[in-house]
Each structure stands twice: as structure tokens, then as C-alpha cells.
Amino acid sequence: MTRLRVRRRLAAWMAVLAIVAHSAAALAADGAVALVGATVIDGTGRAPVPNGVVVVDDGRFVAVGRAGEVAIPAGAKIIDASGDYVIPGLMDANVHLLLDIEIEPLIKYEGRYGDLIIEAAQVALRNGVTTVFDTWGPRDALLRAQTRIGDGEAVGSRFFFAGNIIGFDGPFSGDFFRSSMLSEQFAKRINDEWEQGVGQDLLWRTPDEVRKRVRDYIHNGHVDFIKYASSGHTHEQYLAFSPETQRAIVQEGHKAGLVVDVHSTSVESLRLAVNAGADVMQHCDYTGIEPIPATTLRKIVDEHVACAAFFVTDAYYQWTQSHDIRENFSEIEKVHRQNDEALIKAGAVIALATDAGILRPQAASNPALASMLKGVPDTPTSLSDSEFLWFKAASELGMKPMDALVAATRNVARAYKRSKDLGTIERGKRADLVVLTANPLRSPDNYRAIRMVMKDGLLVDRDHLPIRHFLTRP
Amino acid sequence: MTRLRVRRRLAAWMAVLAIVAHSAAALAADGAVALVGATVIDGTGRAPVPNGVVVVDDGRFVAVGRAGEVAIPAGAKIIDASGDYVIPGLMDANVHLLLDIEIEPLIKYEGRYGDLIIEAAQVALRNGVTTVFDTWGPRDALLRAQTRIGDGEAVGSRFFFAGNIIGFDGPFSGDFFRSSMLSEQFAKRINDEWEQGVGQDLLWRTPDEVRKRVRDYIHNGHVDFIKYASSGHTHEQYLAFSPETQRAIVQEGHKAGLVVDVHSTSVESLRLAVNAGADVMQHCDYTGIEPIPATTLRKIVDEHVACAAFFVTDAYYQWTQSHDIRENFSEIEKVHRQNDEALIKAGAVIALATDAGILRPQAASNPALASMLKGVPDTPTSLSDSEFLWFKAASELGMKPMDALVAATRNVARAYKRSKDLGTIERGKRADLVVLTANPLRSPDNYRAIRMVMKDGLLVDRDHLPIRHFLTRP
Amino acid sequence: MTRLRVRRRLAAWMAVLAIVAHSAAALAADGAVALVGATVIDGTGRAPVPNGVVVVDDGRFVAVGRAGEVAIPAGAKIIDASGDYVIPGLMDANVHLLLDIEIEPLIKYEGRYGDLIIEAAQVALRNGVTTVFDTWGPRDALLRAQTRIGDGEAVGSRFFFAGNIIGFDGPFSGDFFRSSMLSEQFAKRINDEWEQGVGQDLLWRTPDEVRKRVRDYIHNGHVDFIKYASSGHTHEQYLAFSPETQRAIVQEGHKAGLVVDVHSTSVESLRLAVNAGADVMQHCDYTGIEPIPATTLRKIVDEHVACAAFFVTDAYYQWTQSHDIRENFSEIEKVHRQNDEALIKAGAVIALATDAGILRPQAASNPALASMLKGVPDTPTSLSDSEFLWFKAASELGMKPMDALVAATRNVARAYKRSKDLGTIERGKRADLVVLTANPLRSPDNYRAIRMVMKDGLLVDRDHLPIRHFLTRP
Amino acid sequence: MTRLRVRRRLAAWMAVLAIVAHSAAALAADGAVALVGATVIDGTGRAPVPNGVVVVDDGRFVAVGRAGEVAIPAGAKIIDASGDYVIPGLMDANVHLLLDIEIEPLIKYEGRYGDLIIEAAQVALRNGVTTVFDTWGPRDALLRAQTRIGDGEAVGSRFFFAGNIIGFDGPFSGDFFRSSMLSEQFAKRINDEWEQGVGQDLLWRTPDEVRKRVRDYIHNGHVDFIKYASSGHTHEQYLAFSPETQRAIVQEGHKAGLVVDVHSTSVESLRLAVNAGADVMQHCDYTGIEPIPATTLRKIVDEHVACAAFFVTDAYYQWTQSHDIRENFSEIEKVHRQNDEALIKAGAVIALATDAGILRPQAASNPALASMLKGVPDTPTSLSDSEFLWFKAASELGMKPMDALVAATRNVARAYKRSKDLGTIERGKRADLVVLTANPLRSPDNYRAIRMVMKDGLLVDRDHLPIRHFLTRP
């Protein structure tokens, strides 16, 4: 490379850095901000407050109430939101900020997974999802990205992460996509970034040994919560861990003050996880070819276990019934729908969850993925609109609009024990909110009518998100 | 086909039938038989009795003791066995009389699986194994073959069977050999012969539903005992059933008066099975990459749980350590050996088990099997010499010769609750015995020095077994 | 098997034999037969003769003409066919009487392939196809079946066969369906039945060596004609043999007095075969993604090369255009259609050819075949109606009705140099004919309106064909 | 990325650039250079000249002869090579500078294939191979790399390239490594870099169409020579093109003034290529399971056709005979050896050719390549020592040492019609030479005793080659 070309590349980088700085800085408010005139739906489930006032300062809500009942600090910047609707920043209980574990991106972006993660966090933020919980990903890259967002070096959704799912192997393994055309060294190197010592070999181990490994995992690096496999990934009907092992994992998580998530895909894996005392049941609505039994359902309701529910739209559901792309696929989706109806009816604590991330457009032409993506309507796992589809699906399933909003805000915060700071528009909490130009309680499509997104008291420059396009089209 | 050719075929059949009749009939004794002069090792673990007398009548032992202490009935046929050694008929706690589930034999012999089963029972009998327990096979064909042997229509080892392993799918499934070149109809038809309603789909079900299915399985057709999967077959590190489901299965078995066998391949699947109250732990010495934990081992010893142990010879073991033909294969075999040593040392109740059956010689050139068979020394699963190899392996593992003999007789009988009739040379029991020309307590190879085999009081014409050669070379 | 059961089986066989005998014997005529009153379309292309008379004796036509112009022998049996249409027995230039080379039937019926071949010949005969040319099959079984039909031991279409396609390997090879679950011995044994020393390894050889092998092939066993690969089977765009080798093969065939067929699938393989002097171009209308070049087309027309053309119906064609099931599949079928139109327009000598045989119904659920069979309209390769579909396709392609009839009779006979005996209703030829109740020149569907089929002067008992059902549904 | 880190990266780049500049510049000589005292073996086959003088100026040989007979220009830099041996720069008639077409490097280095090519050219140069002929690679990247070396921007072997092999598809195709885990877009994009419009679809085409495509290929971008497939790559026994098409390709190449190479792997593909008038027969010694026929051999000798011969050492040969890793592999290697012996004996024009390139060390653990690489002795296709192995193999095959040297120099230059400038140490030719400290005619190992390499009159700083390590270990 000539000296000249190196200079050009440097100049290009400077330009990118300038844009990033601008995106954040230009939107930072000095002092207090007051949103006035909007109907405020605060995420607690309480009735909407028309002509409300929301005052924000230093990144938090400092006052919320009706006009006239709330004092607006002198010098506060006033944002007129008359006719608009203010809701808490949305939360997603299950995403994978690095979802595209195809061979091509994992090779191409090796060493830059943090950039992919930030890109995804920016797509989420653009859509009003201010907080997400990443439930499977490469721990170190997640930490780097989280730090960059936390330090204000990069804009993006706030996110918390679990790293590996305890008991799963990495991307190039039998749990996901093994290939006979990759070197062992490369496959291992990438798998290690996910596995971090708590991969599938734990299934062979005693409860004591698993306990020790989980403890090491928690203490050898940062995670915000943990997640373990109650059932297998590729082999969904099998149990990954015995009840004793599950309890050991849950105890270690709790001992470290962490919420414990569970990957469950069958009636028995769900039951064992509930019994083990896990906190959040991921895709609790997927139980295979047998619906959630009455006793398990009752326990979930009675003990307020958080159900991270993967609602899908009618359109997607219909597609699953005419495309039996894997053994039992259509049947499992039929039961999935029955479970969602039963959970809603029984009054379970439901949290919005989508499993979403970003797949590059070419993924649909990857033979290994085509059957799941090509021509599929309302694909539920695309961060670019997964939460909008979730609200649509909630509506189609007969969930009350206010319940759906609470499921997407307060319930997620509570599930992850983050409600001190997050989930509702209440005094003292982080100032995350979305301003909509149409009433989301009238139609789920109105969640798309985003006028503004605020995170930590700062307005987001949505038009420029994501700032750098790796997997998304420019 | 012309009339003439049909006649010729008929004649050939008549000839075969005559041979069969001859084999059994010519060897049937009228009235009592007394074996005299041999050293009698009766399978109880008691010291050998030199110059012993064993009197048999009406299929049972009527007297056993030292010469002079036992009265020989008048008119009894006397067999002089001076210098020989008499041991009980051997027993194998785990065989598969229809082991060769390759595509070719399963298509070629469809409708005649009973014939294959009898062929295998005859190979076993020829080697002095008078009773075997078939722990996975096609239930209806097994029943037909059992009936033919029981009725005296065919000669062969006495056998008891479990039919399917509850939780496993049939031969042409992911649990064994799925092929993309068989019609769904055929694959299903054959799989159904094994699965009988208790296949892998049970893994998706609740304990109650599994209980019901097992009950139906037991009552809709004959089985002598049942066996269930505590772990997966292809996916050995996964658990197939939760503890509650395992207990439900065990209860149903016991309620029907049946012994309950378990398929277990990991430390946790073994522990759960012991806790569930199962009676016979198949290949309890295979626990994956982690040896049997001390607590589990203690429980096995303390509660006299039957360990069907798969001893392998040093030659085979060495081969496994230099041929890592599957993920973890060498490591699993290393742990396997450690487990065997630990079980022997701890004084566990060990029962001879081999997983043996008959594979046609061509199986070694089937690409799907070649790595397990081609050039492998002391293949432990070939009925033609599996129990001889087991004794050799027991010796190499340091087991006392008398303990090995008891493991191959009394312990198997006890494990399956058949010791009222089987397992030892004691008055009142079925008259199954083997006469050896060399002392089996001196060298394990002496089990090969078979002079006579008696089953149910009848001498076996070993030279003509198997009578018809399907999978064995003529 | 008990003696009783053997007797029962014998009785069942006797019954089958009786039926077979009956089928043939009951329909045999003594002395001359005269069909009167029908419109006779004699296969020469001449105008139909209304109120015609066809006199048959001793297996041949003895007189054909208008009523009144033809003398009916005294004592002849008169068949009144007033209102009917008499056409020559149909001929198919390309069938595979043993088409179902799936693993299941090839194992199940090993040793009885002759029976399968006869079943197929009977299905053809039932449909009025009195002569077929088998262009790939197991030579020895074909000879046995041919002999049985020739000797009158079995009823069925007259057939001629080539045995292997020189340069192709057998069913369980890369040329067809290789499986990793069959023993080498079995795969080789079956492949050998097809290959007979002239398999794919000839592609490695010099022209001289190929010549020698072909000579041996012709002389070491009976074949009626030979066929060689100008292009590959799985690898259709490649050339199998050089021009020199092709000429050597053709010379050896001609030297032995045999017609030479060619397997060709590309423009160049077709051109080389025409230049080599081969007689019958199989599926000359399949030339890949490039249509037959003008020069090749002209040569085919000018030199009266026989084009065995694989016409397909509009329905099938439309399906191919919306189901691109293999690389280039849709494109190849588009070019196929263009070629057929061009061949018809240019006046090439077209012979009906279908590649047809019998597949058992389960074949559609064999994953290896499903994409070609499941839900495919007008599958062109099913002997049960392939020639009817061919006539329909010919009509849709704009071929004149009389030309289509000639293509299905006289042209096939000429292509294979069998017109001395076969192909038309003319004095002295074998008395093969079909009586239709509707005019085939009016609508191609009328070929289905079969009232009678006569072969070698004997009426066929169509209702009982096939006599034994192996692959066909009962 | 922070500003600081960008600066650091820039600094690192500057350092790299400085090294590159140094490597070339520091070794550039001003004015004439005279090597004196060495034994000069000039590549013509003439007897070595002891105490020789080689004078170089302006990149070319200006005088060569015995000491005393050659005038050394005043001011010439004198290099004392007493006791050394001077030979022409070595030439390789067949390399692939971008050989490592595994998924990982092709993704990781997309856009930088030119860098990989230069790395390989530097490895070759380090070993004294001053000129190579790249016979399959991505045309545009090759051109960029060639330009950089030609312009002196990068150091490396001089190379000439053909781009695609006409009739082959790219790396992610059935001709090489197709994967079901890559997006169609990516696979096509990479394949296109190789195929350039002359891929495998040409096999479907007429001679005229192929001619047109080849003409376009030659004129739409730069190539130094062309190469076409006479046989298939994966399907080695098939012919790719008819004689007419081969002649059309050769004519187009010659019309454009280009040498025409051929890929041939069978006796017939070799014969057709010779007949078509192609200039260089690549791996003419590989003819499958049939050795080169006498007539073809005679023609090759009589017409002085260049045989690019792939000699392999005894060690490698023995390995091939005990590792039949593919169908016919051992047999093909046996015939390969017979051919080499026959070619040498018959006096054919042999040119050193190795098919070599650089594979990263991890390639041996790629399951797709392991059987060809793991534990294989004397792998003949590794640029790091392929030509040394070739000389060793030549010796083992009984070739005369001087003939081997000529095969590696003059014969390659002549084969590619580059002998005006290259191949021998003769006045007026490019000053490429190697100084050895031991006599290469005494032992082939002495080719490894390199003291200096000169290319275009400049000494090469071998110790720093390759300058940047992509695929080679640092």
C-alpha cells in the first residue's frame, strides 16, 4: 500500500469518527427537557394521562404528570408533543445482537464482532427499543461493545448480555452449523469465543463439576445475567441437564446476584426449569408437540415466572402450517400458538421477546438458511421490525393493548430485576422513551409511527442509525 | 415358475424340516441322566466339587453333589465326564438377536426376522450360552421366535426380550441409520416393528402421557421385561427422560411384575436411573468422558444394583486408544476401562453383558459400519465369541475367576429375577449346563473347551448349529 | 415352516400357474382370424381404409384391404370391428423394463429381476404397445425374460434389449444412486449385472481397448442391439468417448449386425454420435442449454437418422418451468421443447420414445426421487400411460396425427431395422395390432380407447395384465 | 476506533512500506556486475564452464564465458563466486500463486488476492525460481500483482498467467469445493473472478460459440497465455471438449499470439490435445488408469510437444500406494510413475511443473483437504520446496542431472516461447540466475544450497521473503 493510499484511508476514518461524534453530541441537551402536551402511557398499566408533562434531567425522569400538576424547571427546553403519545423506551427480553453466524460474516468480520453488535444495537434503538437482553453471543465482543455504548463512544440500545448459553457449543458445532470445509483451528477459535468453557461438554458432567464451571464462567469475565440449556438446541426433545444440575446452575447465578435465563423447548425442560427456580423462561411458548400442561401453567402463573414469549403473526403462522420444513415443524408451531393463547388467558407474566438480530440480505440465498428465510412472511427474528410484528401478533392473539405495552416495558424490566431503573416512565428512572404520532393502544401498527426516541435523556438521531453498515444494506 | 420347479422347492423344504426335527429329537434323552466324574462349579460361588455328580430329569436338576453322596436313579443314563468341568449354562444380560439392522438384510429378510433371531439364538447356544436377554429388537418377531423355541419347534438359546427401548426410534431413524434412499413407507414399516408406540416421540411427552404409553405397550403385546432410555442413543450426553418420567416408567414395569432395564451412557443418566429404581443398568460402565462418581458407585454397591458390564479385552482397548473414530471415542473408552476397574474393586454386582448379535461378514465393507468393524481386534459384539472375550477381558481387568463365572450365571439370573429357575446348578432348577474339558478358573480361554452343552436337560447337537445360515457363513 | 404351511404355499403357486396358462391358452385362436368392418390405419402413412379387412393366420398378416377386395378364408373366425379403428401394435424405441433401481426392490427381488421385467412387458402390452426396445438393463435377466415370453411361457410385449449402456456404471454407482449404507459386495454384485465389463472404466481407455471390450461384450452373451454413451449420465455436459472411440464402438456393433443406439445429452455429444454413424439417437431432443445447431439438424434430416424423441405434454412442460429442481433443469427443458418443434418442422425421422418403466408407488416418497415424482403432472416415464402422453404431447407440439402414428410404429421398426417383420399392418408381417373404438387421428386421447390388442396373431387378455403384481398395485 | 488508534495503525503501515522499499532498493546495483570464479552451468545442456565469468548490466547478461575470455567492464562490481555453481534462474511451468482456495482465506482476503499472489511469488523467488507460469487463477488479481512486480513496487518471481482454465468453474463449484453454507451471491462473486465468462457452461456449447467466448476472453482483459480443459477436473475420465472445439480454442489462442496450455488427465484427453495442436501438455504424465499409448508417446516425442511433468519422489509415491484415498487413486499414481519413466526413456521434451502454491498450515486440519495433506511425505505442491522435490524425483526416476536442469530452465522457456529472454545464461537474456554453493549435477539436494538469487540483474534479499506473511507462518 502506498503512502498516499494510507493517508486517504486515514482521512476516511476521521470522517467516520466525526459523524459518530456528531450523532451523539448534536443531540445532547444541556439541562432539563420537558415534553409537553402528549398523552403519556407510562408502562405501569395505569390509564394514559392526556396532556401530560414529562420532565427529564441528567438522564432521568425528574417529574411526570398532568399539565398544571407538574412544575417545569426554569430554563428547561420545551418539546411540544401535543397530539403525540409518549411511551417508555421498549425492551426486548431476547435478542442476539450477533445473530448472523454464517461462515461468511464470521470470517470476514473476525476481530470486529463488536462492530456488528453495535450495528444491531443501533437498528434496535432506531426502532424505539432502548434496552435489549442479549441471550447468546460472544462474551468478550459483547463486553467491548457494551463498554463503547456505555462510555458514549458509540450510540446504541442499552444492552445486557449472558454470553454463552451454558451447555451449548459455538456457531461451527453440531448445535448450529458444522461444516466439513473449515479448518479445525478456525472452527475452534470461533467456537471458543462463544463457549468460554461452558459448552456442550458440560452435558457429560456431574452437577458438582457443572457448578464449578459455571462459577468460573461468572467470575472469569463479565456477564449481566446467565442462561442455561434445559433442553438441547438441535435436539430439542432431549434434556440437557438433570434437575440437580439445573439447581446448581441457578444457585450459582443467584449467589452471584444474577438473573437466570433458561433455554427450553419441551414440556419437561420447561417444568424442570421452573422447578429449578430459573427466573426467565425463554420461548416458554415453545414446548414441542405437546402443549404446556395445566400444572406447569398454573405454577408459572402462581409464581409470577417471567415468560419470554415469541408471538408470531397470523401471516407467519399460516406459512408454518403449509411449510413443514423440518420434522414436526408445523406441529410445533401449532402447539406454539395454543400455548400463547393459553398463557394470555391464564394471566401469565409475559415479556416481549423476539430472538431477533440482523441477518444480511444474502442469508436468504444461503442454502443452509433458505428454507427459514426465503419468501417467509413476517419473519419474526429480524431486528428491523421484530417488535412491531410482536405487537401485531399480540393483537391477533387477543392480548389487551395495554397488556402488550406492559409486556414490552415493565415486564421485561421486572423479569431481569432492572425495574429500579428501567421499564416505566416514573420519577427517578432512566429517561428512555418513545414519542409516537399515533395511539399504540388503538392499533399495533402505531408503534411504527415514531417521532422521537430518547435514551438516557438524550434524543436519538434515528435517521443516521445504524451509523456504519456491515450487515444492513446501505 | 413351472410345476416341476415348485416340486423341487417343496422337496428341499421337507429336507430342511427333517434336519431340524432330527437335531432336537435325536438328542432328547428318555428318563434321567447322570453326569459323573467331573469337577462341578455350580455358579453359586462355592468351591468347585471334584468328582461330582449331577443328575437331571425332566429338564431339571434333581440332584447335585459329590460322588457317593448323591444317589443315581436306577436306569439313568450315565455320562462319564471324568476330568471335565461342569458349569451352569452361561447367561448374557444384553444381546440383540437381530443386530444386523443394515438395509440389505432388513429388506431381504423382511417377514423372516424370526428366522434371523433363531439363527442367532443357535449361535449363542452352540457356545454354551443357554439363556440370553434381548434388550432391543422387533417385538413380534421376537415373540414368534421365542414361541418356536419354547414349543420345541426350533432349537436355540432360551431368551427373554424387552422389544423396543422406550424412547428410541427404529433402525431407519436418526437413532440408528437414516437413509435418504428408502421410501418413507418402508422406513416407517420397519421402524414400527421396533417402536411399537414407544419411540422417540415420547421424549416430547409429559410423565403422565409416557406412563400411559408404557402401560399400553406392556399390555398390548408380550414382553418379558422392559427397557427405557435414560440417555439418548446417537446423542449420548443428553438425557432422554426427566426423573419423574423415569419413575413413571419404572413403576409401570414393576406394577406389571417386570424387571426394568435402562440404557445409560453418562454419569447423570446412570444416576437418574439408579434413583428411579431401575433394576438392570445396561453398560453401566459407559459414562462418557467422566467416570462414575463416588456417590453413584457407592449407591450401586450398597443397593446391589445389577451392572450389566461391557468388558473389553486389552487388544480391543488398545485399538480404541489409537483409533479415535468418533468424537470423544478414545476418551470414552478410557473412562469405560476406569469404570470397569472401579466397579470390580468396589464389589459391585456385575453381570456379563455383550450387546452381541450376528453381523454378516459383508457388514465390514458397509461404509456406514466399516470404521467399527474393519480390522478391529476382539470385536466385543459378535455372538460367535463375545462371551469368551468377556471372560478374557474380566481376567485382564483383574476380576477373580470365580467372580467372573458367577457374573456370567447367577448374577444374570438374579438381575432379571429368574434365579428360581436359572443361573446355578442346584436342585430344582432348569438343567442348563456346559461341560468343559479344561478348568475355566485356571484360564478364561478354557471356556472355549466345550465338550457338551445341555439345555433343559437335553444335550445340544452343537455341530449343526445354526441349522440354517442366513447371516452366518455356511 | 411346518409341512402343512409348505403345502399351502404350493397350492397357492399352482393356482398362479393355472392363471398364467389360462391367460395365454384361452385366447389362442385355432386357424385364421378376420377382423372386418373397421377403419384400418396401417402405419405406413397411407390414408385410412374404411370398412377394411385384416386377415391373420399363424401369427402373421395374410391379407389386408378393403371389404370385398380381400378374400376371407373359409372357416376363419370373424371378428366384427365395425365402427372401430385398427392400428399396428405400438412400438416404443426406448423403455427400461427394469426401471425401478431403488435399493428396496433391487434387494427384495434379487434373483427375480426377470419377473419384474415380465411385469413391465405386460403393462406395456395391456396398453397396446406390442414391441419395446429396452435400452439399459441387466442383460442376463433380460435374456431370461425374453426367452420366457418368446417361448410362450409368459405373456408380454415383444422386446429387444441392449443390456448396459457402454460407458455407464450400474445402479449403485455415481452414475445413478450411490449409497454409503450398502456393502461393497452387494453394490458390486448388482452393478455387475448391469455393467458386464463395459462400465464407466472404459472412459479411461484407448479406442482399441474399448473396441476389444465391446467385441467381448457382444460375443460373451446375447444382446439385440448395442447402446453407448456419447455423453455422461450424471455429468451430462461432458463427452464420454472421443470420436475415434465412438467410431470403434459403432463399427463393432455393425460388424456384428447390430443396430447402434446412442445416449446423448448435449449438442456436441449428438454431433459426434451422428458423425460416428450411430443409428438411433436417444433423446436427441435433449441437448442441454443449447438447441440443436442448424448443421447438425440438417445432417440428421438429410441422412434420415432416427431421432428417438421424448415428447412431453404441456402440463409437464409448464411444471418444469416452475420447478427448477436441478441445475439448469428448467433451461434444459425449455431447449428440449425448442428442439422438438425444430425436429418436427425440419421433417426429421421421429420415433416414439419414452424412457418409461414401472416405479412402485412408494418411489414418490423416496427422498432421492421425490423431486422428480411427487405431484408432477403427466410424468412421462411411467409405462402405464407413457405412450398415451407421448401422443398427446405430439399433438400439442403440432405434429400431424398421421405422422405421430407412423412415429410410433413404422419409424421405430425402421430405426431398429426390424421393418421386415414389424411396424405396419402389411401382408407377411407379424400380426400385431390394436383395435380402438375411436379414431386416433381425431384425438390423441383415442389411443386410450382400446378394445383389443393382438400380438403375434393372438388376442391378449388385457384385463389380467400384469398377471403378477410386484411393483404395480394389485 | 479512536483517533489515537488510527494513528498507531498508520505508523505500523509506514514501517511496512519502509521495509519493502529497503528490500528492493538496498539490493539494486548501479552499473555492471561480474560474477567470477564459479562453475557456470548455463541451462543449454552444454558442459559446465569452470572458473567462469558472468557479466550483467542493465538487467541482462552482457557477457558469459571462461575467465580470461570475457572482458569485465571497468567499474563493474565484482562478486567472487569461487567454488560456487551458477545456474539460470529456475522456471516452473505450472504453479497456482493463489492455490489456497479454501473458504477461510478466500473470505478473509477478499479484495486482497493480489497480496496473496505476491506472497507466493516471493516464496518462489526465495527458492531460486525466478519465473513461474500460473495456469489457473483469478485473472484481475493476477494482473494487478504482475503489474506491481513489473513496476518494481513489489519484489517477486516474474510470472505469466492464463487466468481461468477454459471450461472450469470457480473455487466454490462442483469443479472444486461446493459448500451448502455459502450464500449464492458470495459463491458467484468469487467464482466469477476465476471464470471470467469461460467457465464450465462452455461444455454445453458448439465449437463456434466456444470460439467466440474464448476470443472475448482473450480480448476483454490481459492474459499471457491460455489454458483449456481437455478433460474434466472432478470428473477426470470425461472429455470436456470435442476435437473441433479444441481446435477452435487452439486457433484462437494462436491467432492472438498466445501459447496454449492443456489440462489433460486421460489417454484420450491427451491424444485429442496433441492433435488439436496445443503447445504445453500439463501433467501429461497423468493419464488415469491406462498409460500413455505408444502412438501418442511417439507423436509427443517426434513433434517436440512440451510435457509439463509432475515428478514425485519415491517417498510420496510409496505413500500413494498404501493410501487409496479416492477411487483409483493408487492405480492412477502407479500409471503416473510408469508414464514418467516412459517419457524420460523416449526422450520427450520435459518441463519442470509442480502445480505448487501456498497452503496455510491449517489446511491440513480442514476435513476437505486432510486426506491429501495430513502426514503426507514430500507433498509435491508446496511452493516452499516443490522444485527441490522435483529434482529429487527426477533423480530417482533416473533422469540425467543435466537433463533435469535443462527441464527446469531452457525447456520451460521454450515451451512458453519465452526463450528469447529467458531460460539460459546467454548474452542478451534477462539476467536471472542462482548461485549454489554445491554442484547440482552431483546431487539434487544441492539445489537447496542457495547462496544468491539474481533476477533481472538485481540480487534478491532472500532472508526477508516473503515480506508480508498472509498464508505462511511468520
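Some notes on this structure:
For reference, chains read A, B, C and D in written order, and residue numbers begin at 1 within each chain.
We adopt the following convention: a residue touches a chain if its C-beta (ideal position, glycine included) is under 8 Å from a C-beta of that chain, and two chains touch if they have at least 3 such contacts.
Bear in mind the structure is a predicted one, so any value in this text is a computation, not a measurement.
Common neighbours of subunit C and subunit D under the contact definition above are absent.
The mean-CA centres of subunit B and subunit D are about 63 angstrom from one another, to the nearest whole unit.
Centroids built from CA atoms put subunit C at 54 Å from subunit B.
Counting partner chains per residue, subunit D has no residue touching two or more of them. Taken as a contact graph, with one node per protein chain and an edge wherever two chains touch, the assembly forms a single closed ring in which every chain touches exactly two others.
Within the complex, the subunit C residues that touch subunit D are 200-201, 203-207, 209, 232, 235, 237-245, 266-268, 271-272, 288-290, 293.
Those residues of subunit A lying in contact with subunit D across their complex are 1-3, 6, 10, 13-14, 17, 102-104, 107-108, 110, 153, 177, 179-186, 360, 362-363, 365-368.
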